[in-house]
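Structures follow.
Shared chain: subunit A. Partners: subunit B in the first complex, subunit C in the second.
Here is the complex of A and B:
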C-alpha cells in the first residue's frame, strides 16, 4: 500500500479493518483457551467415574453373632473354617449365585514362608469355602508393588487360587477406572482396579499380619491399598490418612486376618525367616478395625503400645470399632 | 523468473493455473515421493519382521536380563547350574516400585541406589534375591545392616566387612554398600550359595575405613555386631541424628557417641540429651560431670556429656554407679581417637510419616 492509497482510506474502511483484526484475535484467544490442556487429560476420551455400591458389599450387622471369630491351631483349612464359622459361617456371607472377589495381599515377590504375602493355603481354603457356599464365581485380585505375574507365581497365590477353582485377575492399565470416594481426603477420585469388580456381589479381604515401616502395622484395612493404581506411593506422606480413606472406600463383606505366620519386624517387605514367627491363628470379622486392633495387640504382640493413628481416624468416620475387647469375641481351638 | 511466466501455482476451478512446472519443482516432488515410499517400505518390513520379544513364548520372568548397568555387582554371580534373572536398578525416585512401604528405612540411611538381581536354581528350585544398597557412607551401610540383623545373631567383622548368614539371609556391609541376599528357603544348598556370595562380595566391593565407633566401643566390651548407627531419631528424640551406638552384652545398656561441629555445639547437644532423658523420668543426680536421669518406667539410668567435639553418653544402665564407670571408660577411650577420624554424615532429608 503506497502513501497515496493510504491517504485514500476512509474512516469506515479503517474501522472495518480494525474490527476484523480485533475479532480475529478474540476468536483465536477463545479457541486457544478452549484447547488449552496443560495436563493432557482433556485430550483423552472421557472416562466416566465409577462408584462402588452404596453401603459397599457389607452384609447386615448381627446383634447376636460374635464380632470376631478367632481360630487357633495347626491345620490351615480348619483355621479358616473355624474362624468363619465363629462369626456365623460362610452361609451368612455368601449366597448361591454370588460373584465373590477375594483380595489377598500379594504385594511383593516373596516366597510364602517369608510372611510378606497372604499364605496361599489360607487363600485356597477360603476359595473352597466360598465355592462350597454356592458362589457362582470366585475372583482373586491384587495390584502388587512388583511385577504382578512374578508376585503371584513366587508367593504361591496363583497356583493355590487356580487349583481351588478361582479366577486370577492380574492388573493391566485398561483394568483401572476412576473411582469416586465421597468424603475421602486423598482418594476422592482415584484410579481403581475395577475389572474384577464388574458384576461382583461380595468382597472378602484376606491379609497377612505384618510390621510396617511407615504405618507400623499392615493388616486388613491397609490391604485395600492393593486396589489402587496411579502413583500411590505419594500417599506415604500421610499414611494414616490414606488408610482411613481405604476404610471408607471399601466396605467388605468379610475380612480374614491370616496370622498363620506373623512378620513381626522389617515389614512390609520382610525377607528373613528370622523376622517371621508362627502365629497359627486366623481371625474373621465384618469389622476391619476390630480385627486389626486384635492383630495389633494379640498377634503382633504390641500390647503396651498405642494403636497407630489410622485406627482413630477410621473410627472417627464410623467405619468400625477398634475396641475389640468390648465386643463379643469367640475363640475356637481347631485341629 | 522471466517476464510472461506466471508465478502462481495454485489450482483454480480444477485447472492448473499454470501449464508447466519447473525442473526443480519436479525434482523436489520426486524426492518427497521417494522419501515417503522409503518410510512406507520400512513400516511394511518391520511389520513382517516383528521383535521376537513381543510374541515370546518364554514368560517374562524367565527371560535373560536386559542390558542394565550391573554397577558394583560382580559378574557371573550365579552358581553352577543356576541362572541370573531380572537385573534391575532403582534410585530414590523409583525405589518404591521395588520396596514400597520399606523405602523410607533405607532413605533414612542416605539411600542412593539399589541393584536388585535374582538367582534361580534349575527346575523351579529355590531362589536367592540380591538387594545391594548404595547408602553413601560406611556409617549408613553399617547402620542399616545393624537395624535388620536379628537381635540374637552375632555377625562377623573381618577386613572391614560385617557379615552374617542367618537362616535364609545373608547380611553384608562393606564400605558404603549394604547387601541383603534372601533365600526362598533355608535349605543347605541355599545357605551354601549365601556363604559363597558373602565371599564374592567381601572381595569385590570397595572397602572403606570403619567408623570411629568401632575403635571406641569394641575395646569396652561391645561385640562388633552390636555397634550400630542411627541416622535420625535415636532414642525417639527428634534432634538426635548421627548417633553411634554400642550395645553391651547385658542387652540393655548402650554406649553412644555423636560428633558435633565444635566443642560448644557438643556441649549444647549434651545438654539437650540430658534434658530429654530427664523428661522421661526424674533426675538421678550429677556424677562424673554428667547429669543422670532415671527412666520412670524402666528405672534405668541415662546421661551424656561433651568431650571435645564429641557427645559421649550412656543409655539405660542399671544404676548411677555403673553408668558413671562406663562413661569414664568411654571418655578415656575417646581421648585416644584422633579428631580426623570423627567424620560426620549429612543427615538425610526428613520424611513425613
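Here is the complex of A and C:
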C-alpha cells in the first residue's frame, strides 16, 4: 500500500501529461478539419491553365506595306534580309528590349541538306537580324518528333543558333503547361511547350517547305505543331482541323518560309537528296496562310491542285488570306 | 612588426611530433590517407565517366574504362570468345599490379568496394571489441570462389554470366537503371522549384541531370529490382562488413587467386606482435593479419599497419615463411627467431592460396558444367522458341555469340538517347539474358543516325558499327542497312483499317527512304453517313529496318497497331524473314 502511495503520480506530472495529450489530440483534430475533403475534389492535383496574350504576338497591321515579301537569289543571308525588308524590315517587328522566340522546324534528325528541317543558315541570318534590331534575348525552341538533342545537333540548328547568339530551348518533362485556346476544335486545352514563352514578347516562325504524307504540305502553319506536347499522335485523325487550330493558337509576329531547299516528295521526313530541289527563295509575311499558299503554288509547284483543306478552315476563322495573288506581293532579287 | 603574423594561442595548438620522433605530418600523410585519396579519385572518375556516357558529353572520353580494366571481363570473354575485344587488354592494368601487390584493386580502385567501405564506416555502431570479432575470417567467405568457378566454367562453355555479380558491371548497371534516373528526377524537381518559386535560372543545375536534353524522364524495366538489390547488398555492411566483397564478389575471388603469387604482402614481425588482435579492428578483407595472413583475402588497405600498437606489421617483399627458422616453441613462450625472442604465440605468418578445399573447387566446376545446359536449353535464348520481343540493338552479333559477350553492364542502355534500350527481364531472355539490352518501343525508338551503343560496348556484343554500315550506304551499299527486326500491322487495332478513322502517323514518321510504310487510299461512307478518305497503311518488309519509330508513335498506345518483332533481323540467318535478305546475308558470310 505504501509502495503504491509513493508510486502515485504527482499533480504536476498528471497535468503535464494530460495537457500534452489534449494538445496533441486538438492539433490532430484541427489538421483533420483543415484537410477535410468531403467530395474528393480537393485532393486532385491542380491543373493550372495558361493562355497566350490576347491578340497573340502580332504587330499592328499595315495597309501600305506588302503582305508578302519574296526574295530569290543565292546568298542565304541576303535572302532573309531581302524578304524581311520587303515587308517593312526587322525594325517593324522587333523593338529594342524584345524577348523573341524563334520557332524553326527541327522535327527530325536529318542533315540540313535533306530539307526536312529549317536551314540552319536561314536561322542564323534571322537570329542576327533580330539581334541587330535590338532584341534583348533570342530563344530558339522546338519539340521534335525524334530525340531533341540529336535533332538539333544533326540538323545544324543548335550550332547556328548558339553561334548567332541565341539560346536553345530543348523540351524537358516539366516544360509543358496546359494551354487554353478558346474556340479551338481539338486543342482547346493541350500541353504547350511554355518555358521559352515565359516573358517572351515576340514570336517568329521559320519553317521549311515540305511535302507531307497526310496534309499534303507542311509549312509555316503546320510548324506550330512543334510547340505542343502530349498525345500529338492523335492529331492525324483530323489533321486539317488541327492545323486550323494551330493557326488559331499562335498569332505570330512574323513568319518566314525557308525555301532555300524544297522537300517536294517523301515528306515530311524525306531522307534522300533526290527528294530535295533547290528553291533559292525566302518568303516573309505576317499572314502565314498567304505565305503557305504562295509556297503551295510557287515553291511546291502544285499550281493546278486545290489548296489542302486546312487553308479554307483557317481562313474561315479569319486567320489569314490564302488568296495571295490578290494581295500586295513584293518580289526582290538578291545576290 | 607587421612582418611576423602571430596567431594567439598558436603555440598551444601546434601539432606535436609523434612518439617515435617522426614529424607530425607523418601522421597526417600516412599510407591509409593516400589510399583514401586514391579511393576518392577512382570513385569520382567512375561517376564522372558514367556522367559522360551521354550524347552531348561523350567528347571522346573512355567512358567504359572501368569495365575495360576489369580483368575478369577480359579473361571471361577471352574464355568464351577466344579473343580479347578492342580495349579489353587494359585489364592488364589491374592484373599485373595484382600479381605483384595482391588484391590492392579492391581497396584502392574498385568504386563498389569504396561504396561498401564508406557505408560500413558511416553506419558502424559497434565497439572496438565487436569490430575485432566481425572482422575475423569466416568459412562463408569461400563462397565467392565457388561463384567464380561456376562463372568461369560457364564462360568457357559459351555463356557469359560474370556480369550478374561482377562489381563494375553491377555498379554501372545500377547507376544506369536506378541511380541516374533518380538523380534526373531530383534535378527536375529542384529546377522547377528554383524557376517557379524563386524565379531563378536553373541552368547551372544541369550537371545534376544524367540525361540533359531528354524530353522525358528516363524509365527502365525492372529498375525497382536493381535498386532493391543495391540497397540490400550495401545494407548488408551493417551486418557483415564488406559483405559483398568478402562473400560474393567474383572479381575479388579472381584477384584473390592471383594474389597468391604476389611477392609483396603484409608482414607480421613475430618478435614484436603481442597477439593483441588490434589489427582486426578495421581489417577490410577479414584476412587474419593477426595470424597467418590470408593473401587472397587481404585488400591491402593498410588499416592493420595503422592500428598496430607494437609496430609489428609492415608491407613489403615477403616471399618466405619464417616459421621454419624459429628455434624453440612459441606456444611455450621460449622461442627465438634469428636470435631475437619470439613474442607472438602464432608462428604462421602467411597463407597464400584461397581456403577452398579441392573438392569444393570440383563442385564449382560441376555446377558450371551443369548450369550451362540448364540456361542455354531454356527456349528463350534458342533458335527455336525465342522471344519475339528480344530485339537487340543494331550491330549486335548473332544471339549465341551475343550471350558469349554481353556482360549486362548496361552501358549501351545508359548511352541510348531515346531510352529504347531496356534491361531485359526474365520474360525476354530468361535468366541467361537477364539485364542484357533489348528494345522496348513503347518507351523509345532506335534513332536512325545513331550508333552510340556500339561505341560504348566494352566487349563487342554490340560491335563497333559505323553509321554507313548501319544505314547500308557508301561502301556498305551492297549489304543494305542493318535491320533489328520487322514491323507488322495489326489491322484489327489500326484506326484506318478497323475504325474508319484517318491516321497514318506511322507512314509520316517512317525514317527510311523510300518509306517502308505505304498506303492504300480508299473513300468510304462511315456509319454516320459522312464520307471519309482513308489511307490504309501496309508494310514493305524489304525496306523496314525495325527502328520502331512507327510503333513508338502509334496512337494505339497500350498495344500498338504497328509493332516490331525480332524476325528479319540482319544479324541472324536463322531469324531472317525474306528470301531476298536471306540471300544477302549468306553472300556476306
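Details
The working rule: the second predicted complex is superposed on the first by the 291 of 335 C-alpha atoms of A that agree within 3 Å, B and C clash if a C-alpha of one lies under 4 Å from a C-alpha of the other, contacts with A are read in each partner's own complex, and residues count from 1 in each chain.
Basically, contacts are C-beta pairs under 8 Å (C-beta built on N, C-alpha and C of every residue); 3 or more make two chains touch, one makes a residue touch a chain.
Note that the structure is predicted; figures quoted are calculated from it, not measured.
Aligning the two structures on subunit A places subunit B and subunit C in clashing positions. Using the contact criterion defined above for the overlaid structures, shared-chain residue A:233 touches subunit B and also reaches subunit C. In the superposed model, A:332 lies in contact with neither subunit B nor subunit C. Of the two partner chains, subunit B and subunit C are each touched by A:272. When the shared chain is aligned, no partner comes close enough to touch A:180: not subunit B, not subunit C. Looking at the shared chain after the overlay, A:170 reaches subunit C, while subunit B stays out of its contact range. In the overlay built on the shared chain, the residue A:148 is in contact with subunit C alone; subunit B does not reach it. Of the two partner chains, subunit B is the only one that A:113 touches; subunit C does not reach it.
Only one of the stretches 4-12, 130-138 or 274-282 belonging to subunit B overlaps subunit C in the superposed arrangement, and that stretch is 130-138.
Counting contacts as defined above, subunit A residues 108-109, 145-147, 149-150, 153-154, 212-214, 233, 236-239, 266, 268-269, 271-272, 275 meet subunit B in one complex and subunit C in the other. For subunit A in complex with subunit C, the touching residues are 108-109, 143, 145-150, 153-154, 170-174, 212-214, 231, 233-234, 236-239, 266, 268-272, 275.
Within the complex formed with subunit B, the subunit A residues making contact are 107-111, 113-114, 145-147, 149-150, 153-154, 212-215, 218, 232-233, 236-240, 266-269, 271-275. Residues of subunit B that touch subunit A in their complex: 59-61, 86, 96-105, 127, 129, 131, 148, 150, 153, 166-169, 180, 182, 184-186, 352-353.
Residues of subunit C touching subunit A in their complex: 55-56, 188, 191-192, 212-217, 417-418, 445, 447-450, 495, 501-505, 507-515, 519, 535, 549, 553-555.
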